[in-house]
Amino acid sequence: MMFFLEIVISGLTTGVMYSLVAIGFVLIFKASGVFNFAQGVLALFAALTLVGLMEKFGLPAWLAIIGTIAVMIALAWAIEYFVLRHLVNQEHIILFMSTLGLAYVLEGAGDILWGSDVKVLDIGLPQGASDWLLDSYGLYVEKLEIVAAVVATALVVVLAVFFQRTRIGRALRAVADDHQAALSIGISLRTIWIIVWSVSGIVALVAGIMWGSKSGVQFSLSLIALKALPVLILGGFTSIPGAIIGGLIIGVGEKLAEVYLGSMVGGAIENWFAYMLALAFLMFRPQGLFGEKIIERV
Amino acid sequence: MLYREAGQFKTSYQADQAIFPILQDRWFVVTFLLAALAVVPLLINDYFANAVFLPFLIYALAAIGLNILTGYCGQLSLGTGAFMAVGAYASYKMMTAFPDLSIIVVFVLSGVITAAVGMLFGLPSLRIKGFYLAVATLAAQFFIIWLFYKVPWFFNYNATGQISAPPREVFGILVTGPRAEPAATYIFTLVFVAVFAYFAKNLVRGRAGRSWMAIRDMDIAAELIGIRPLTTKLLAFGISSFYVGMAGALMFAVWLGAAESGETFGIDQSFLVLFMIIIGGLGSILGSFLGAAFMVLMPILLKQSMVDGLGLAAVTAKHIEIILMGCLIIFFLIVEPHGFARLWQIAKEKLRLWPFPH
Amino acid sequence: MSQVQKTIGDTLLKVEGISLSFGGVKALADISFEIKQHEILAIIGPNGAGKSSMLNVINGFYHPQEGTISYRGEARRRMRPHVAAKQGIARTFQNIALFKGMSTLDNIMTGRLLKMRRNFLWQALYWGPAQREETEHRTFIEKIIDFLEIQAIRKTPVGRLPYGLQKRVELGRALAMEPELLLLDEPMAGMNVEEKEDMCRFILDVNDEFGTTIALIEHDMGVVMDISDRVIVLDYGRKLADGAPDEVRADQHVIDAYLGVSHD
């Protein structure tokens, strides 16, 4: 029983990590209709910058974080200026492919700027297992993962408020619906996009910190982007709470499958299980758990 | 002035419907094919075959396949790598189990097997559309790669998990295996790809192509014309996978000689071929070729100019190459989202008027 | 325009007690009427009255919760659109449902899809049966192209055509299906007087030469009065009137709901 619980918790915490990346996707998709494949690479780039600032320039953690945030905002500005501005109102697949190109650019740039070896990321987050949980319940849960869960929750609350209550939030939703219509009522696409990509970049930084603290900053971080797809399928492409729930379901489902089913077939099921799960889901609910049903009119 | 159609009257519908209705186009293609068939083999060597011509032709074939599914029929697929793997492993099993079977038959049958697999994974497409369908194909991608990695029957229980192509001949000339001559492998692949490109062109300009494009453009209206969405989509998945599977088999047997599931046919391949058709032009057979040429040649040119020309370290050059590829992709998407094929069309239209400005 | 006397045949399509709802919204409530062979029937009514929904029901695109449709004597309630197409029902759409990525020629050729037999293997080969089939159908639709006077825009991608021409191409595609029943959803919307006259001429010619039964939704009363044999008026999903144009024009309910009275 303990073992099962540990697996579930492990799955939940992995799920939270997925959600962090998925939230970044949702933000950008919600506000610009772009499926940002580069989200994973953004997380990687953010983490690399953080580590680089700390190692190469010897900055203390808090200063390095501020520095990285500044870099991500500058990056958002650059992306808007060089890429997004020229692709207003193009088809989704074109926008998606451009983010693929962006992923390549960021990957190469990260390698050149900060080097491509695996890095250790230590910004003072608590490491090791939670002693309290271990002593009281015999459960092995990493403190880091608890921190990640708390951070993710806080992030969701902040973002939800941001979107629903503020003027900018409304403008973001308008832009997601229809670029040209938003332009015609005077919404500055430029500003909106820079804001969104900055926020997304900061979310990516958070995700990068969490992942990086856990398993080091390395290339595989960027592949998380692909795992976010099943999360988004379940949670819907435009729902932040959905991203959390989707992430949790995928995280737990994956871990359980790996342990219980994987042992039967030789392991490594984690590679594809999430996608199969999402696929099975789609067959019953083509618009995902929280997605909106698209009614096609003729 | 060179490119005028003046004087070329089509007197029958057949003539109007020809693949190259303009005489100058026909001359161009014939010359090009003759050069490809007669001149290149005289000049080719191992390096050019393996670095340029074989990958170009093979990826072009795969790109045609993906273009049929994504470009003509509008069904986004990220599973190209896995389907190439299916073709490769199918050809491997057949080559090892039936050593006397002609390799042409092996390749075609590999395509057929891949078509069946493709249609299976295409079944969800009736319910699911767009990016959501991409997830179904990703499921195919990761699952199939895992399968070929885990189940030893696929690689004949050998210790390394790799598959290697045994030597096979066509009309008495070796085309697979380490001792095959580059000219032989080149000509074989060229003819193979040219023939199947021709078939593909016929398909897309006929009833199948129109059904696919109808589904892509407005699948509701398509149904009201009498097109049956499931059969049309399944046909697209089937034919597309057929081409992609054959490309995978060729890649394994004729070009690389050996392959390993995750390394050779991973998700990178899926993205690579997708890039090719987007940059080359969605919904265009010519675009498939142009896109393949671009993605094969560009890294080579970049590396040569950087390492040989500027003297950069190979590792740095690789990073810069990645950055440049990304930039080029974004650049072309901005400048001509419909790809090289559209640029080519525009060039031809301008050529019709040349040297007059309007 | 006076109409040449023509023979109107038996009932081709009959709808009885059709009710259609979307969630809580009732689009059609207990609609019954007939369409007779060879006639031109106009369906009119204010916006939102359920006219397009009615066509969609006949087509099989929407499935009514209640009621039956009989086509050529066979009753059915649920039908898939491509089956309706096979049975000889073709239609055009209010918002033009052309395949924007294809040329005029290809779009109209898609209308011939149901009549093309050769499977994909012959098509891949092209030389031989598939080519003959292509040419045969091309010959047929060229007559439609001549009829609709759209020769010049054969190879133009339809996305680039002006609205009026697109509507004509859409009509061409429907005609290519050689339908028995042609459903036209506001075929003249957005057209100027000349274009409307052309469209009227096409509709009348199709009805005259091929005997095609036509049901059209239209807002232009002049057109409706001139070319239709019978008029049905819908309002809020209910049928208000059903009869010859002059009768309907004088019907008080119709005047109140839709037509209005001219104030001098």
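Residue numbering begins at 1 within each chain, and the chains themselves are lettered A, B and C in the order written.
Just so it is clear, contacts are C-beta pairs under 8 Å (C-beta built on N, C-alpha and C of every residue); 3 or more make two chains touch, one makes a residue touch a chain.
What you see is a predicted model, and the numbers here were worked out from it, not measured in a lab.
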Identity of the chain that, by mean CA position, is farthest from chain A: C
Chain with minimal offset from the mean of all protein Cα atoms: B
Whole-Å gap separating chain A and chain B, where each centre is the average of the chain's CA atoms: 33
Interchain centroid distance [CA atoms averaged], chain A/chain C, Å: 50
Whole-Å separation of chain centres (CA-atom averages), chain B against chain C: 42
Contacts with two or more other chains, residues of chain C listed in rising order: 61, 93, 97
Numbers and ranges of chain B residues touching at least 2 other chains: 220-221, 224
Where chain A touches two or more other chains, by residue: 298
Chain B contact footprint on chain C (complex, rising order): 59, 61, 80-82, 84-86, 91, 93, 97-102, 106, 109-111, 113-114, 116, 118, 120, 123-126, 130-131, 134-135, 138-139, 142, 173, 177
Chain B contact footprint on chain A (complex, rising order): 35, 82-83, 86-87, 90-94, 96-98, 100-109, 111-112, 116, 226, 229-230, 233, 237, 265-266, 268-269, 271-272, 275-276, 278-279, 282-283, 286-288, 296, 298
Partner chain C, residues of chain B touching it in the complex: 12-14, 16-17, 199-200, 202-203, 206-208, 210-211, 213-214, 216-218, 220-228, 235, 239, 283
Parts of chain B lying in touch with chain A, wherever the complex brings them together: 76, 124, 127-132, 134-136, 138-139, 142-143, 145-146, 149-150, 220-221, 224, 267, 271, 274-275, 278, 316, 319-330, 333-334, 337
